[in-house]
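I'd like to ask some things about the structure below.
Order as written gives the chain letters A, B, C, D and E; numbering starts at 1 within each chain.
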């Protein structure tokens, strides 16, 4: 989507994230939600399991007893539950680490713009160039994680050929970061700060690269195949043998009972899948576009010529009662 | 609240946090507390569940047996318990991370004021300006997390137009941090320290921005919707089917038994909700205002002209027995 | 205690920590210990619970059957156990974080004394002043965490008026750190090193402030009230209803059985309380005074005029076979 | 393998990792996979256990009853399950830490190449040398972790004698890092940057050494022997006594029941073994070669003379509306 | 041992660690190991428990029924298992943290030798002195953690009086680090680098001190006494009451059943004890001597005059096709 109109104006950048906004304090409001609650994802495997339970119960009652004791399900159920919940929490840790990395992108874009403004504010052109490239970084990073190419609403304000070259490069966020480095180098060449200030400002660029690298790590490395596969196989065996363990004591209630267990277990497993790579367009993914907009908004306020008084040349005011050089 | 009187004097800043002060060593003292113990939050959903248990038991005894075995509740209960307690602990981790971030704000305000005092103490006016803006930062941050705008008791000592401009800016704590940067830049321009000292002092400002960014991350990112929703649905199914599993063996004691289980389970879930975003005004939230006051107190002692002797020009005393240049 | 004699000599500083020294490899040696094993803390609540069990059993046998099935205790017991053990481990994490912070204080005092000795060793007076203030820091920090005021055995070697001023300041460790900063500034003014060396040395002072800030965070922030309260209420309900679940099958053995369960559960809960704030004078708290003594010993060896040869002017020896300028 | 042709051209470097690429959202697609799902590894121990179950059941039915109650398996099963799943998660943490370290290698190679390009771009020869050595580092690191020696596709572009000397040194990645340091030093000697810029660039080299050191730590330190051994012994006792506990209630279904439990338990244990050292050639190991290729690709785009326009001399463009020196 | 011959030659430094080398992929190879698998440590307490079970069973069968239901063991067993496994994992975290700290020592010795070689390589005598002291550090650290005093095989190459003074100092690793600082200071005085390069190199010395400080923290701080004691008491009560719960249903099989449970539980507890302080000479401790040897080997290759060509004066080669100053 973003790729189609990489240089469209800001108007096109209304948040189009799917993440569901909800208030965890409102208990009863979301029970009817299908969206984002994985019902669509797990309905097939739960239904098949329920049909199987119907079959088992029917055969047991009408043809031949099929019941087994529930001992094994109790014994193996503990390991399985532990593995299942640990997997979901490993996924949550990845979700939260992804969120932290994007929080770091928010912080470092703020820091870079703020720290460089002190030295560059005399040169509105150069500082504006820097802020525009900073603003392009999160859009480039988000698009890159989604297999797209984009520079966000600021693209139209960048020189067309440079923006096109960056969009055409092998790794767009890396190319954007090189643009930032180049502007910072230009600032030194114009004499606004010495080399060690440049190196210090460059630390923030370096952190931005670390953060996008961290996101790519999460995006490209799923749970080890053996872990995922063993869990799913064990889950399948567990759920498909469950009707045998229940049928004698539960009768036809075996069917809803199997439904509940399958729903709970397949659901927990699916949560792990949903949130282990939180950079996509799914309902439970991170609102990357909203985060990009926040950064864009923060940076716009810092642009030379913005309306906010605090960005006018800063004047330090002597406080009455504490005279300067007193 | 704070927004209404953003420039009121210090008198208005008595701690108004709701966090309950308690001594964990006193075991019996808090059992009667309703406040802060989530009784009000979960009473409705527990009561409905209890009424349902009354209905199920009545029908079972008088109309038609409704009992099922407890096997499924045992099997699914382990997963559910694990998921429930893990979720609560993920929330506790967020609570504790939020506390750490505010601890970092305490540390960095201290560090910035202390490290800059060495270089700036000759210029009481400039140093006083810096300390005042530092003191305003935590109030601005706390208010920002609560959707308010505030600069704390120091607001009245700041130039009116600058304070108003900062309060009117898009992101108040960011605007305050820019003021700090500007004062640090002014200090360099006045020749108190070279650029690399300024960059080093600016690192503390950078950390302050990182910390407020971290708080915003926690505040704006709830648990993934799928996680929360699946847990609540499973919890509902579990609690509402429990009376069927208990009614045959427990008789009318099914009702208090269901009450206990529902109270324990809904309570654990509610703890997770209460502490996952610890920056509000709730009973279990962090005492942000008290933390702001602590910072304000520490900084007031550092202000030029404060009563404490140690902040007078520092004299290093030669120790008897270890002569200087010996 | 320390407050009463803030300037007593070193003789008064024999370790008075209560922490129990034990060898985990000796299995049978500590079973008879009452001290440190929380027996005194939980004896009341366990005994009341046992008496209750006696009453329940007596009524059941002589008056009227009171037994209920154990199903609910099994179902809710898993959640309760998980919550209990997680809480204890959250407390252990705080204990360990507190230990890490004090380990950091050990490291940074060593680092500051070592790194500054290179530049300051020509000036025994100034370096001695610095080392004395560094040595005072851990005592000030430990006392501050315990609501006391102290500068340790080195207090008598510090100028009386400065030590008194520091002891009288709002935040003693912060005041000590300012003294260190002042000595470091004096060193620069005397021309021993340039500004960026001072800034680098000041980083260690900054870390010391971060560590004491971290300790204060742990000390002042108990577990969220809702978490603690819900756990205790659920624990009470669990233990007081347990005799009903046991009485029919256990008979009079219900009483010791209830004792064992109450002892185990209340004990785990009490561990969490004991170690969540590890900076006090309790048996299970950290040996802060011993740590302070270790630092004091390390620093004494670094003092100008100490007996250890390695602290005499350092001479770098040319190695045979690798000639200088070869 | 790589050792045999250490200087073969890029053509030889098609990814030869075994890691299975899979889409966790596709549920049913991988159930038939033998590769990577540990079936081969655990089939022997599971089969022996099943044969044992056949024997036990046969003796029980035809010779002499051998059944015992399942109580002990329930009691000890919880500890065993916990230990098992914790061990697997400790292994996953090592897997993930290994992935993070390689993510760090990706980031730091990018950062070093980008940060140094600003200062070195005038000297294509020197910069090209640096980028080639950077590109050799990940290959050297991956090979070193696998007991091999390699410099990757860039080897043919390095001076033959230096590459051979590095390949013959005690620790190849360390020797490569020294080459980088030497090039950075040469850059300073040629006057492109002062010492502190060199030190800052050297920080990235230092991080690369830290990361390879971290990988060696994971590679060389298995789980403590006692932990592994106790778990396996307990697992053996558990699985080989299980048929006795099941045989009376399960009859001949004891055999598939034992199979399922042994499959689940041995499988979880095997996952832990598979992923605790993720740097080998196994199906579940990290795709080190693919990561090396990614780095190589990123760096190739940065080489002087590469096709991508953004690496041509950077020109900062004045933005209309924000004039320079305005 | 090391103390007896602190200056013996390298020949005396064959690895004498006890850590068991094993391949986790070989499943059946280690089941017969007594060494390292804690059998000797727990045999006494398990045997006593088994004898007790024999007594209980005998009395039950011949004198008077002693059986109780297993309900309480089920209820309390979950908490106990959780506490047990969490304790073992807390110990594993300490083991792993200790390994990380030693990994850090490996990295920083490498970094310090590599980074300083660039500036010092002109002066083989001074650089050789530095590398020798760096090489002595890990031996001093390992010995210090084991209550010994040692400088490793390099001791014989150090000036006798300085080595003796260091070995006689209060804290040997700290004294070694001061020697490094002194050499680095000498390098600056000889004009090889300015102060800020010295400070940057000193950062690595600082990290070495942080790491040895971290190891001392782990070594000196056992699990809180209350945690260890409560766990052991609960374990004792659990295991000694278990025969009563089993005797009725298990008959004489109570004895092996009690054996298995006691073996599993006491074994898990013992793992925690074995690995919580991983710096000793035990079978499950870290191979500190092997790590020291690795460092020594790495550093020997860096010594001036070593055979490896890459340490000869480094020459940067112009790459064909990318001319210098092109």
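The rule is short, and it goes like this: contacts are C-beta pairs under 8 Å (C-beta built on N, C-alpha and C of every residue); 3 or more make two chains touch, one makes a residue touch a chain.
If you're wondering where the values come from, they're calculated on a predicted model, not measured in any experiment.
Rotation angle for the C-alpha superposition of chain C on chain D: 145 degrees, rounded in steps of 5. Because chain A and chain D share one sequence, their contact can be compared position by position; here under half of the interface residue numbers appear on both sides. Chain centres here are Cα means. That of chain C falls 23 Å from that of chain E. Averaged C-alpha coordinates put the centre of chain A at 38 Å from the centre of chain C. Shown for chain B are the residues in touch with two or more other chains, namely 74, 78, 82, 196. Chain-to-chain contact here is organised cyclically: the chains close a single ring, every chain touching exactly two others. Taken in ring order from chain D, whose neighbour in the chosen direction is chain E, the chains follow as D, E, C, B, A.
Chain E makes touch with chain C in their complex at residues 41, 45, 68-69, 71-72, 74-76, 78-80, 82-83, 86, 90, 122-129, 132, 157, 159, 161-162, 165-166, 168-171, 174-175, 177-179, 181-186, 195-196, 199, 202, 205-206, 209-210, 213-214, 216-217, 221-230, 232-234, 236-237, 241, 273, 276-277, 304-305.
Contacts from chain C toward chain E in the complex involve residues 19-20, 22, 24-25, 27, 30-31, 33, 36-38, 70, 73-74, 77-78, 81-82, 84-85, 88-89, 92, 95-96, 99-100, 102-104, 106-107, 110-111, 114-115, 117-118, 193-194, 196-197, 200, 242, 245-246, 249-250, 253, 257, 260-261, 263-265, 267-268, 270-271, 274-275, 278, 283-284, 286, 297-298, 301, 308-311, 314, 316-319, 321-326.
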